[in-house]
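Next come two complexes built around subunit A: one with subunit B, the other with subunit C.
What follows is the complex of A and B.
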């Protein structure tokens, strides 16, 4: 689906944000992209969407080079940025002007999603609140039925019922023909939704693994439940210590993505070695 | 659904299904929700539900009728009871015994509680 080969990118030649980055993504998965502020998550997503051009290497989507921005490439993907800017149009005229760029656009599904998300379809788009605008774009993006759907911080600005609705909608939107990439800081909003974790750190992808595999190799638990000899990373909280240890006796726990992320960005190479 | 921190989500989803069967909310030989329906209801990744259904298939609790969906086995309740009992004896009981020992709780104390619990359960069944 997506193949990124030795991609380097920076907004100026002096500062590279992504360096010799390699990444392969397949259809049928929901990828969660994590990275610190300024690590280059949005920039990576823009390179995939053909909105930013690498100065070295390339990004291929469905066999086409993203930076060439061919119509056949563009109609196969939808990108929802973190900040959406809505034109002063009604929903109806937005659909009339935009939907025909996406051959598989499903109008009925779009209006169904809007009502599930409780978005007023009669209101002018520029007059909607930030959260409502975002939900409108998520609905539109899903309804395009593109094989690639990229969402940058989709749950930002969503209220609590909308987050629940978002998870329901995304889990039923995944199919074998679709690849969904979500970048997020709100790990807890999405941790049951993501099946494969991507971590962008130090200009490259350092983790690209299914959560199942991570859970088989590492055990996330309180210090009491972990084998003290096998602890790779520990973090104190108010009521005790959370640990990551080597999983030896097949006790599959839930992967604590927040803890794993902290361990990785704090330079815990032991963890990365163990995941390889 | 609120997921516990100390258990993999797929195994919590499998428990969700077995609990529905044990409580009689879903009946033997009935069709259960499709992967997509349950994923959406529980707000989890469809692969997680697939994995939970695979486990339940290998334990002969449900079976997949191609093109129709997943159905509950006629003897699902006995199957669930036998592997749940195994899990209780292997995992929960040692933990319970350890706590009883540490807190000095006798088997008689527990026995009395258990008898009155069974009574209330049987009463609520009759109503």
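What follows is the complex of A and C.
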């Protein structure tokens, strides 16, 4: 579905944000993209969507070069940016003017999602609150039924009930013909939602593994329940110490994505080596 | 699927652009009518109901150039804003279709609307001015080749092409930045033209207008040399070429637009 080969990108050639990055993403998965602020998450997503051009390497989506932004490529993609812009139109008018650019757009599903998200469909889109606009755009993006849906910080601006609704809706929207990429710095919003974790660090993808594989290889537990000889990373918190240790039982355990992310960005190479 | 141009997609995009921007465009037309009414009626009023064909033509030309260049400079303004640019650039239409919608609005639609507004306002102002005066006002014919006002159209084409590439090249302050660079270029051209003429003639020329004329004094006589018909044709062809190149450059700039 997505194939990124030796991609290098920077807003100037002196400061590269992504360097010789390689990545393959497949349909039928919800990918969670994590990275520190300024690591290049949004930049990577823009490269995939053809909104930014690499100065080296290439990004292919469904066999097409993203940077060319051909209509046949764009018909299979919907990008929901962190900050959305809505025109001064009613929902009906916006759908009437935009939906036909996406051949698989499902109006019934769109209005169903709007109801589930409790978005007022009578209001002018530009007058909706930021959170409402975001939910409107998420609903529209899902209803396009494109094979690739990219969401950059989709939960920013959503209230707690909407975040719960968001997880429910996204989980049900996944199919074998669809790939969803969600970038966020709010790791907990991805809990029970994504199936594959991507971590962008030091200009490259350092983790690209399904959560069940990570759970089989690593054990996330309190210090008392971890094997002291096999602890790879420990982090103190208010009520004790959380650890990542080698999972010797090879039975799947729940992945603490926040702890894993902290370990990776703190330079714990042992964890990365163990995940390879 | 045709990834270069498709009529159905193009018409759908034209409709979408119109629906999303018609309120702004209608307000702009209102402002244009207001400015035309103010200037034409002020001149008519202060001249006791009279306004000459020449005055009408000058107003037509100047307001057209001024309003048209401002409007063209704003045509890609949304691409300067990250959150507005993303839905535009990811909409499944080709670069050519996006380009043509902007070009049609800023070049063809603008001129049709402007000419319509000008004549509507001019007709009303002349009608009002003619009440109570014996020597009635005549309406200017801007399409007539007998008067020099038709020159507004080729002049607008060149300036529109310059503002069009400025609109896509700059992210904000499109009009100011384009106008600044344009005047800088005119200054450079004037200085370079004088130096070139001095070099060609071997002495200091009195005055020289680029691509137009030169004035020299020889043995106490002043000679004014203007370009001949062949020169006119060369300049006209050059302007067409410049317009074409600027429009082509704008297209490739749109293709290369990143967020």
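By definition in this document, the second predicted complex is superposed on the first by the 274 of 276 C-alpha atoms of A that agree within 3 Å, B and C clash if a C-alpha of one lies under 4 Å from a C-alpha of the other, contacts with A are read in each partner's own complex, and residues count from 1 in each chain.
Throughout what follows, a residue touches a chain if its C-beta (ideal position, glycine included) is under 8 Å from a C-beta of that chain, and two chains touch if they have at least 3 such contacts.
Model, not experiment: these values are computed from the prediction.
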item	value
Clash or fit, subunit B versus subunit C on superposed subunit A	fit
Touching partner for A:71 - first (subunit B), second (subunit C), both, neither	second
Touching partner for A:189 - first (subunit B), second (subunit C), both, neither	neither
Which superposed partner A:83 touches (first subunit B, second subunit C, both, neither)	second
First (subunit B), second (subunit C), both or neither touched by A:93	second
Subunit B versus subunit C as contact partner of A:101, first or second or both or neither	second
Superposed arrangement, angle subtended at the Cα centre of subunit A by subunit B and subunit C, nearest 10 degrees	150
Subunit B versus subunit C, judged by how many residues of subunit A each one touches	C
Which of subunit B and subunit C A:153 touches, first, second, both or neither	neither
Minimum Cα separation, subunit C to subunit B, after superposition on A (Å)	28
Overlap of the subunit B and subunit C footprints on subunit A, listed as residue numbers	none
Residue ranges of subunit C touching subunit A (in the complex, touch as defined)	1, 3, 6, 9, 12, 15-16, 19-20, 23, 81-87, 89-95, 255-256, 258-259
Touching residues on subunit B, where the partner in the complex is subunit A	3-11, 36-37, 39-48, 51
Residues of subunit A that touch subunit B when the two form their complex	29-30, 164, 167-169, 171-172, 174, 192-195, 212, 215, 221, 225, 252-254, 256
Touch list for subunit A against partner subunit C, complex	46, 49-53, 69-72, 74-75, 77-79, 81, 83-85, 87-89, 93, 97-98, 100-102
